[in-house]
Amino acid sequence: MLFYSQLLEIVALSLEVSLVAVMLAALIGIPLGALLAIGRFPGRTALIVLVNALMGLPPVVVGLGLYLLLSRSGPLGILQLLYTPTAMIIAQTILVTPIIASFSHQIFADLHREYDEMLRAMRASRWQTILTLIREARHALITAILAGLGRALSEIGAVMIVGGNINHATRVMTTAIALETSKGNLRLAVSLGLILLALSFAINLALHFLRSRLERAAHA
Amino acid sequence: MLFYSQLLEIVALSLEVSLVAVMLAALIGIPLGALLAIGRFPGRTALIVLVNALMGLPPVVVGLGLYLLLSRSGPLGILQLLYTPTAMIIAQTILVTPIIASFSHQIFADLHREYDEMLRAMRASRWQTILTLIREARHALITAILAGLGRALSEIGAVMIVGGNINHATRVMTTAIALETSKGNLRLAVSLGLILLALSFAINLALHFLRSRLERAAHA
Amino acid sequence: GKNEIILQSTTSTQNSGLYEYLLPLLERDTGLRVKVVAVGTGQALKNARNCDGDVVLVHARDAEEKFVADEYGLKRNDVMYNDFILIGPEDDPAGVRGARDITEALQRIAAAKAPFASRGDDSGTHRKELRLWKAAGLDPGAAREGWYRETGSGMGATLNIAAGMGAYALTDRATWISFANKGGLAILHEGDPALFNQYGVIAVNPAHCPGMNIKGAETFITWLLSEKGQKAIASYRLKGQQLFFPNAHSALPGNGG
Amino acid sequence: MPESNVLPLKPKDSQKAGAGFLISVDALGYRRGGRSLLDAVSFELGRDPGITVLLGPNGAGKSLLLRLIGGLIRPDSGTIRFSPDFRGPIGMVFQKPVLLRRSVRANLLHALAIARIPRRERTGILARLLVEADLTHCAESPARALSGGEQQRLAMARALVGDPVLLLLDEPTASLDPAATAAFEALVRKVAGEGARILLVTHDLHQARRIADDVLFLHKGRICEHTPAATFFRAPASGEADAYCKGTLLT
Amino acid sequence: MPESNVLPLKPKDSQKAGAGFLISVDALGYRRGGRSLLDAVSFELGRDPGITVLLGPNGAGKSLLLRLIGGLIRPDSGTIRFSPDFRGPIGMVFQKPVLLRRSVRANLLHALAIARIPRRERTGILARLLVEADLTHCAESPARALSGGEQQRLAMARALVGDPVLLLLDEPTASLDPAATAAFEALVRKVAGEGARILLVTHDLHQARRIADDVLFLHKGRICEHTPAATFFRAPASGEADAYCKGTLLT
């Protein structure tokens, strides 16, 4: 059974891990998406396809890859990151970045088609161009971030392997749900899932209002 | 250990389940996204937030919910769908639909802002409007579908519970990976993951060229 | 109906490859096809309670007996046994190797505060481990000791974790022998009679689950308990070692479960 | 909010036939961002065919008024009524053409499909429209790659699909060259001659003089005058219209 | 592909100063979709300030030519050279204004930032631009909600950021009312008087007559003539230009 204090602990860790991971993924994925949309460099097409394909990266594989790296006997074992929230954050960042990058690319490609000539006529630098597009796309980018957040919050395969679902240390909502499931406490597991969903709903609601405000400011 | 013929069987089932699920999810999610973008009905905002939030639906929870429904002692037990590919398809459809709907909504909302007055001036019916927008958005919708496919192919929590990972019946790539992991065959597990990734890459490549062609036709 | 049953099983039997060896023999003899769903013990019994299986094969004697007492299953039958072993890092920082019995071994781990990976998932193995700690006069879970890590996952995952951080763990021998990621781990204690591990098989009660395939379940159990089945279990070897010891007809003394 | 009827196909206010107007705009008001963009706009367009030119400086509210009449936006106050026997589609040309990301031909075919023109009639109509808009040579080009004038001609061709009885044209010749402008004016006169009512916005006073039957003058969201063209161009009643024509009207 | 130099800020061909031209366009060709859209286009714009009006029917290739000179697209053949001492930005107004999804003020501030105008100077320049474009009253409105004419004035104001020495203006008065057109023409004359070179596309022959120093006439992707305005409007050398002015040129 789960006690209230324990539930709070688990929820807090889930949020911490996933929010930090999504933040990092956004910091990498959004500029990457912008670069894929506006850059013209060799290998760009391959990179776009790769980023899209990486959306299908199985979490278990990411978990295993990191496990092999971070394990005591692995090349980065010295860092002692295995079974820490840091390892979980790294795993989720890897999983979420392709999603955010892929959607950002789509969003930026459309905007870039619209603004490219205008910005080039103004002699905007590459960096000014990226910043302008990010600013123009900010409300659409929120959907990309929400998709990433959904993936992170609901993800289990990777955090289970690199976190280890260790009680009071790396147990998050999804691994707790899996544990209760394997104990046969199916209804408790479903209830935990609904709590997770309610959390996700609350975050989405907050961002929805943020986005509506941005959108209204942009279009009126 | 896994033999070649068995690997083929597993790959084929993975593809079948995920492709069918994504197709169904697209058939539901794209019109739903269009409706959310162009419809004006009470509860629309709540529905949008809900659909976004459902992207964070944990696969394990979907698996469990479906298990409770499809279990012999559950309300739909009579259908005898538990531990069949059909159950796995249903589970993945549920997981993927919010992703596709959410992105379609974002895509359609932007297009609708552009075309709304034109289509209303032409007295287009709601249905004609939706079809026009789908046609205009078809290359952008491919990204949404790819995101859904990525999710489906890499998903494990739900198919594990409702499929049961039964050898020669419901074993797919991700559940096979999990099984090998629990046997400690980490490198075999990672290799299977890379095969899955290669598959995902191949599908993405094919769709990329399809999309490029659509895009070129549209913009030139 | 179809000559096919669903077996709700623990993961150790599946991970060890036993079914891949046994089931073709069974099918040849009886024509019965068995679909194996391998999950945690608790989940296996729960699924069977929900009539989503025709037979259960697990190793948690008290839970099995309760399952029968609650009339979800018919008779419980001993099938086979093996034993639990204590594994840990080769260099054995807690000095467990020389321990007289499992009780002393666990006390040494606790005294050294050496990392110990516990299943923590209420499985048969986990319950066994808790009883052993209790017998050693310790309760590290309740004390929330930092060295005691409840992994809340299956045997394989727990062994991966033990390998990843160099921890001690209790495991059944079958899983250990078939486990490939041994890392720097080795068997550090074995052979204590308290480490006995009995597997049981139960047919789901057709009175509780009218639609189930009772004929198939009976065929399965009869074959498994028959001379042929028992011999087949005994003859399954992995890396030259016998993993399971049939004992349908000769439940050993000290079969505490 | 007062009752308003912006969908011409199903007039709520049943008026007696022969009441004399095709469209009656009454005390229309439209506000956005704290500014009153249209204020107490009232006028009638008669049932007889003809060309009404809507003049007024930039930002006067001409485009808003056209979109209100077309039923694309809802007024904050006032009503727009259509004569009860008003039938058939309204053709619109927006100030900025909105074209689908398809070829010129596909854009027209789309409009024909939306208007539910039977499939077998479409090829014929399509060919006629392409000729009328002088776009036959670039029928396969992506519509968004057309030159500004070509896009405007495509938008006009599309507005003619379904033979509308009312055409709302927002600066339809702003990007046209002199020959295309002349062809456009001939076309509009022909369509008006066949019975259609036309409301056209332009800043080209020469054009207005050439084709207007009557002139509506809008300034700062208010109607300053509605007079026959001859009167208007001889001596506008309002000082604003006079200043506008002289190019000295300050907004 | 012949060498082409489309980035004016770093001329590859170092020409002797005083060579007499600011821009030299030589044998420019541009093809798309199997059609030759520009063909052997050659002309020079002198170093002395002045207003060149680019005339030609719809689809002649005027907008393409402006975008080529602006360096926004690359020619398939031919070169565009800038005089080696050409410095400073180019101001462009597109035929369809492209505005950011922000307020009018934010659009101008964005342009000032891109041009790296020091932060403390921006407020002053912003206020001046808003007055010049007569947009002070709607500075806070979302730029995309502006009327057509207001958008065009905003695009013009933005093009003036950074005091460009070359202005490429594509039908900048197509949506302007007569007063705004007059104000625009005065502004352009002032800017030209201060030393800028202006290349302006228009279909308004009255306007061309009023402000052109010289006229370039483009037809079907070819330059038909490049003559001083006085000569052009007295008697165009080419039959096409003559027909164009009379409104009878068929494309």
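Going in written order, the chains are labelled A, B, C, D and E, and every chain counts its residues from 1.
Here is the rule we go by: a contact is a pair of C-beta atoms (placed from the backbone, for glycine too) under 8 Å apart; a residue touches a chain by one contact, two chains touch by 3 or more.
Just so it is clear, the structure is predicted and the values come from calculations on it, not from any experiment.
**Student:** Given the two chain pairs B-D and A-C, which is bridged by the higher number of C-beta pairs in contact?
**Tutor:** Between the chain pairs B-D and A-C, A-C carries more contacts.
**Student:** Tell me, please, which chain's centre (mean of its C-alpha atoms) is farthest from the centre of subunit D?
**Tutor:** Most remote chain from subunit D, centroid-wise, comes out as C.
**Student:** Give, as an integer number of Å, the spacing between the C-alpha centres of subunit E and subunit A.
**Tutor:** 46
**Student:** What is the distance in Å between the mean C-alpha positions of subunit A and subunit B?
**Tutor:** Centre separation, subunit A to subunit B: 18 Å.
**Student:** If you average the CA atoms of subunit D and of subunit E, how many Å lie between those two points?
**Tutor:** Each chain reduced to its C-alpha mean, subunit D and subunit E end up 30 Å apart.
**Student:** Quick check: how many Å separate the C-alpha centres of subunit C and subunit D?
**Tutor:** About 81 Å, centre to centre.
**Student:** Can you pull out the residues of subunit E that are in contact with at least two other chains?
**Tutor:** 32-33, 141, 145
**Student:** Residues of subunit C that touch two or more other chains: which are they?
**Tutor:** Each of 47, 154, 157, 160, 163 in subunit C touches at least two other chains.
**Student:** Two-or-more-chain contact residues of subunit A, please, as numbers and ranges.
**Tutor:** 67, 161, 178, 181, 186, 219-220
**Student:** By the touch definition up top, name every chain pair that qualifies.
**Tutor:** Here the touching pairs of chains are A-B, A-C, A-E, B-C, B-D, D-E.
**Student:** Applying the document's contact rule, which stretches of subunit A touch subunit C when the two form their complex?
**Tutor:** 67, 70-73, 82-83, 160-161, 164-169, 171, 175-176, 178-179, 181-186
**Student:** For subunit B, which residues are in contact with subunit A within the complex?
**Tutor:** 45, 48-50, 52-61, 64-65, 67-68, 98-99, 102-103, 105-106, 110, 113, 140, 143, 146-147, 149-151, 153-154, 156-157, 161, 173-174, 177-178, 181, 186, 189-190, 193-194, 196-197, 199-201, 203-205, 208, 219
**Student:** Using the touch definition from the top, list the residues of subunit E that touch subunit A in their complex.
**Tutor:** Residues of subunit E touching subunit A: 9, 67, 70-72, 89-90, 92, 94, 98, 100-102, 110-111, 113-115, 141-142, 144-145.
**Student:** Touching subunit D in the complex: which residues of subunit E?
**Tutor:** 32-33, 56-60, 62-63, 95-96, 134, 138, 140-141, 145-150, 153, 170-171, 174-182, 203-205, 243-251
**Student:** Would you tell me which residues of subunit A are touching subunit E in their complex?
**Tutor:** 114-115, 117-124, 128, 132, 136, 217-220
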